[in-house]
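Chain IDs A, B, C and D follow the sequence of writing; residue 1 opens each chain.
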C-alpha cells in the first residue's frame, strides 16, 4: 500500500482490535438467559470485575456491537464467560450461536471496580447485574477480604449461579419471596460497610446511591447506557456526571461504566 | 383475528408458501461450487427439470430470496439437491450453512422443459447450467428415449458430476482441452436432433439459438434474469419475448424460465 | 377481540394491511399464495393510459436491508386493466385502490375518467412520486404547487377517495401533505422509494439497466417513520404509512407514529405470504400493548419533551 | 504500486480514507486502536464556538443495516479544541479538517476566524446539514441561497480549502452543490445523515431521547451513491463521498460514481480498525480492476444508455 509514507507499519501493531474468538461452551439458563464461554488466555487474565467487552457477529444481520460485562473467569483454562439475557436482535442472534462458532470480541474496555480499596465490602447485584461479581467474588475470597454479596431477583427462577455462589457469603432476596428474603435488594442494605459495589437496574442503583448519600461509605456503581462504539469515539453513551468543570455529559464506555455514586446526576 | 370476516380461514390453506427445510447433506466442490441436500418427499416428487426454487435464509443478512434450479432428485430418500456457485452475498451465506441448519424454500416455480415431446433429444449444458439436466437424464434414460448430453466447462476442474454422468451418454468439452474435446459447447452442436434443451451462460444460449434458427429442430432454453420475488408479482425479471401481441417484456419467473428459442429476442 | 379496521372518509378497511402498488402485481399473480380476501386492501400496479414496456433488465438489485428497483412502470394500460383485471377483483372483497400514474396532469385525468364508472373501484392512489420514469428526475410531489395542480384537476372527476402518494425527496414532506389536503385529497400515502444507485465494480456498469432505481425495504424504515410522524403532526388527513414493514411490530410502530393503516411492499416480494403473517403478528401483539383497537394506538407516540 | 492519493485544490490527501465528522471523536480517542498516520485524512467532531452538552441519552439506536444518532453536537467548543486537541495533532501527519458547525452564519465565521491562525489545520468542512440540532428541522443546505450565504461569509476569512457538507434532504443535492461551487467552495462532502425515527412500541416513546436522529450506515449507501453521481455530473468540484462504506469494494464504488475521496463514518463506530481494513481492501482490489491509480477509476461509471 503506497500513497502514504507508512506502508511498512502494520495496522495492528501495538493496537487493540476486535479478535475472533471461538465459542467453546454454551449454557442455556431459564427465562432467556444464556452463557457463552470463550477461550482466550490473554483476555481471561486481563479482565477485571467491571470491565466490559464489545461483541459482534460479522455474519449476523445486526450492525453494531453490543456491550457485555464478563461473567466467570476460568483462569486455568483461559476461558471467560459472557452471561446475557435475550432482549432484542443482537442478543437473539448471540443466543442462536453454537459451540464452534466464532464471535468478534473487543476488550477489556472501561474502568473496573476498585476492589483493592481498603475496608469492608458489600457487593450488590440486581438481576443480570450479577455478572461483574462472578469474577469479583473469587478475588475477594482469595485476598481474605471482609465482604459479602447481596443478590436480588424477581423470583427464584432468575436467581442464577446459586451452586457457584454457595462458596461465598451471599444473602438472597426475591421480589416474591420464592427464595431468600422477600423484598427488594434496596431493603436489605447495611450501613456497616466501607465500600459498596453495585450493578443492576438503574432504579436500584439510584436507590442504593440515595441510601448511602450521607454516609461515609464509598459507593461505586456500574452504569449502563445504550452504546454505539464502546470505544469512546461516538459520544453515544453519555450521561450527566459531576466533573471538575461542573455537570457534564460523560461517556459511560470511556469514563465508566463504573462511577462513584456521588458523581452521578439522577435527573430523569 | 377479527376486523375482517374471514378469521376462520387459515392463511395457508390450499396456498403455496415458503417452507423451512432442513439441510440433510452438504458437499463442497472445487472452485466455489457447493451442493446442499434437502429432505422433502413432496418437493422431490413434484420437481421437474427446468423448474426452479426460491431460497431464503431468514437469519442471514440478505433480504431477497435467490433462485436456483434443483440438481439431482433422490426419489427413494425424498431428497433433492441444490447445486450452486458462490458469486455474491446470498450464495456466500448459503455456502456457510451446515447440515442441520434450515433454509426457507418456495417451489416448484416456473415452467419445466417439455421433456415429453417426441423425437431425438440433445441436452446442452454450459458450466453450472448442468443443474436441470441432473434430473432430466434419469427420466430420459428410464423412458428409453434417444438422447445425449453435451456438457462443456472452462476446464476439467469445473466439469463436475462426472461419476454420476458416467451412466448416461455424455460428450464433454472444455475450453482448454483439459478433459473431453477442446472448444466451446457451441462448436459441438449436431443438426441430427429434433429437440434441444439448453441451459448455461446467456452467450452460449444465444449461439445455440442462432445455430438452430433455420433448422426444423425445436429448441428450448432455460433463461436467467436477476429476480426480485420469483413469484410473478414484482415484474423485476422481465425480458423481451415475442408473444401474440408482438414483442413484450415477459417475466422469466412466471412465463419462463424455459422459453422456446424462436420467441427470445436477443438485442443487447 | 380487537378491532383492526380503519377508515378513509366513508371507506372502511377491514384491517391495516394494504398491499403496496407495484409490489403485488394486479392481484391475480398472488392468488396461488394467499387468500386475497384476508387483506385490508389492495393497490394495483401503476396504471397509465397506454400500455408500457418498462425498462430493460436488470431491473432489481438487493441493497443492504433493502432493494433497488427500476421496473419503469411496465403495465398493460387502462383499457386492458379494465377489461382483464377488474372482473377478477369482483370475486374478492377488500377495498381496491387504483394507483394512477402519469407523465403529465392529463395522463392522470384520463385514467380516472376512464375507470371511474366501474363499480369495483374503491379509491385512487395518485402516484405523485415515481422516481424511475425520468432518470433520477424530479417528481411532482417535490413541489407543493404541482401537487396541488394535479390533485385539483382530479378532484372534480370522482367522488371516490383520492390518496396522494408522496416522494420522500421533498424538502419537507409535511408541506406537500398540507398542499394535498388543501387540494382536496382524502389521505396521503407515505412513502414512495428513495432514489438510489448501485455500481458493478467489475464492469463499471450500474447494477440496474436504468442507472437509478427506487430504494425500498427495512433500510428506509426510520426515514419513513419520521415522515409519517411529521405529517401526522401537520395535517389531519389519514395516512397510509409504508417503508420497510416486515413484521407486526413494524406495522404497529407506524400506527404509533400516526398512520391509520399501512402498506406492505418489499415484504411481499420477499415472501408472498408475509402480509398475512404481519397481520397475524400485529393482531396478536395489540392486546399485549393494552389496546383493543388500532385507533387507541394511533399517533400515541410520546416524545420526551 | 498504485497511487491512492487525491487532491482538493493544493491539498494532497495520501489516500482516500478520511474519517468522517462525529464518528471518530477528536482523534485521540482512536489512538489506542489505530495508527492515525495511516489515514488519508481526519475530520473532527463538529466545532461550535461554545461548548455544548448535546442531547440526553439514549442517543444511538441500531436500525436495519444502519444506525440512528442524536448526539446533538456535544462538544468542547473552539477554545478548548484549540488548546487541547490541536497540539495532539502536531504528532500526526494526515490532513486535518475542522468540521465547522453553527446555528447561524455568525457561529461558523467565529470558529473559522478563531482557528485559522493555527498551522495544523488543513481544511474546513462546513456542516450545512446537521439534522439533529433543531428537532427534525430544516438545514441550510436544503436551500441554494442559504448555502451560498454561509459559504460567501466564510470565503474571505481563510485561504484554506472550504468543503461544504450537504444534507441528503435537499430536493436536488446537485443544485445545492452548484450553489456551493458558485460561492467559492473547494469541494463538497456528500452525504450527511437522513432524518429518521425509531419507536419503542412498549413505552410508546421514541428510541432516542431527542425524538429524531440521523440515519447512517450501509442502509443509505444506494442513496449516497446516487447523489455522488448526480453531483459529479453537475459540478466540477472534488467530492468526498460517504454513506455506508464498510469495505474496500464500497469505497471504490464511490470513486466510480465520481468521488475523489471518501469518508468512513459508521464503519469506524462498528470497528475502530475498519478504516484501515477498508483502505487495505481497496488498495488490493484496485490492481485487479486494471487500474494503477484512483484517478483512472474516478467517475468511470458507464450508464447503459
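One rule holds in what follows: a contact is a pair of C-beta atoms (placed from the backbone, for glycine too) under 8 Å apart; a residue touches a chain by one contact, two chains touch by 3 or more.
Keep in mind it's a predicted model, so treat the numbers as computed, not measured.
Undergrad: Which chains are shared contacts of chain A and chain C?
TA: B, D
Undergrad: Hey, which chain ends up farthest from chain A, C-alpha centres compared?
TA: The chain farthest from chain A, judged by C-alpha centres, is B.
Undergrad: Could you give the separation in Å between the centres of chain A and chain D, each centre being the mean of its C-alpha atoms?
TA: The mean C-alpha positions of chain A and chain D differ by 34 Å.
Undergrad: Round to the nearest whole Å and give the separation of the Cα centres of chain B and chain D.
TA: Once rounded, the distance between the two centres reads 46 Å.
Undergrad: Quick one: report the Å distance separating chain A from chain B, using the average Cα coordinate of each chain.
TA: Measuring from centre to centre gives 52 Å for this pair.
Undergrad: Please list all residues of chain B that touch 2 or more other chains.
TA: In chain B, 61 touch at least two other chains.
Undergrad: Spell out, as numbers or ranges, the residues of chain C touching 2 or more other chains.
TA: Counting only residues that touch two or more other chains, chain C contributes 56, 64-66, 217-218.
Undergrad: Linking chains that touch, what shape results: line, ring, star, complete or other?
TA: ring
Undergrad: Please list, in label order, each pair of chains that touches.
TA: All chain pairs meeting the touch criterion are A-B, A-D, B-C, C-D.
Undergrad: For a test of understanding, state which residues of chain A touch chain D in their complex under the given definition.
TA: Chain A reaches chain D through residues 1-6, 9, 11-13, 15-18, 56, 61-65, 89-90, 104, 106, 225-229, 231-240, 248-249, 254, 268.
Undergrad: Considering the complex alone, what residue numbers of chain D touch chain A?
TA: Going through chain D, the ones touching chain A are 1-5, 14-15, 22-25, 29-30, 32-35, 37-38, 40, 45, 53-54, 56-62, 64-67, 69, 71, 74, 93-94, 217-218, 266, 268-273, 276-277, 279-280, 283.
Undergrad: Show which residues of chain B lie in contact with chain A when the two form their complex.
TA: Contacts found on chain B: 59-61, 93, 96.
Undergrad: What does chain C use to touch chain D in their complex?
TA: Against chain D, chain C makes touches at 56, 63-66, 68, 136, 138, 142, 169-172, 194-199, 201-206, 209-213, 215, 217-223, 225-226, 229-230, 244, 249, 252-253, 256-257, 285, 289, 297, 300-304.
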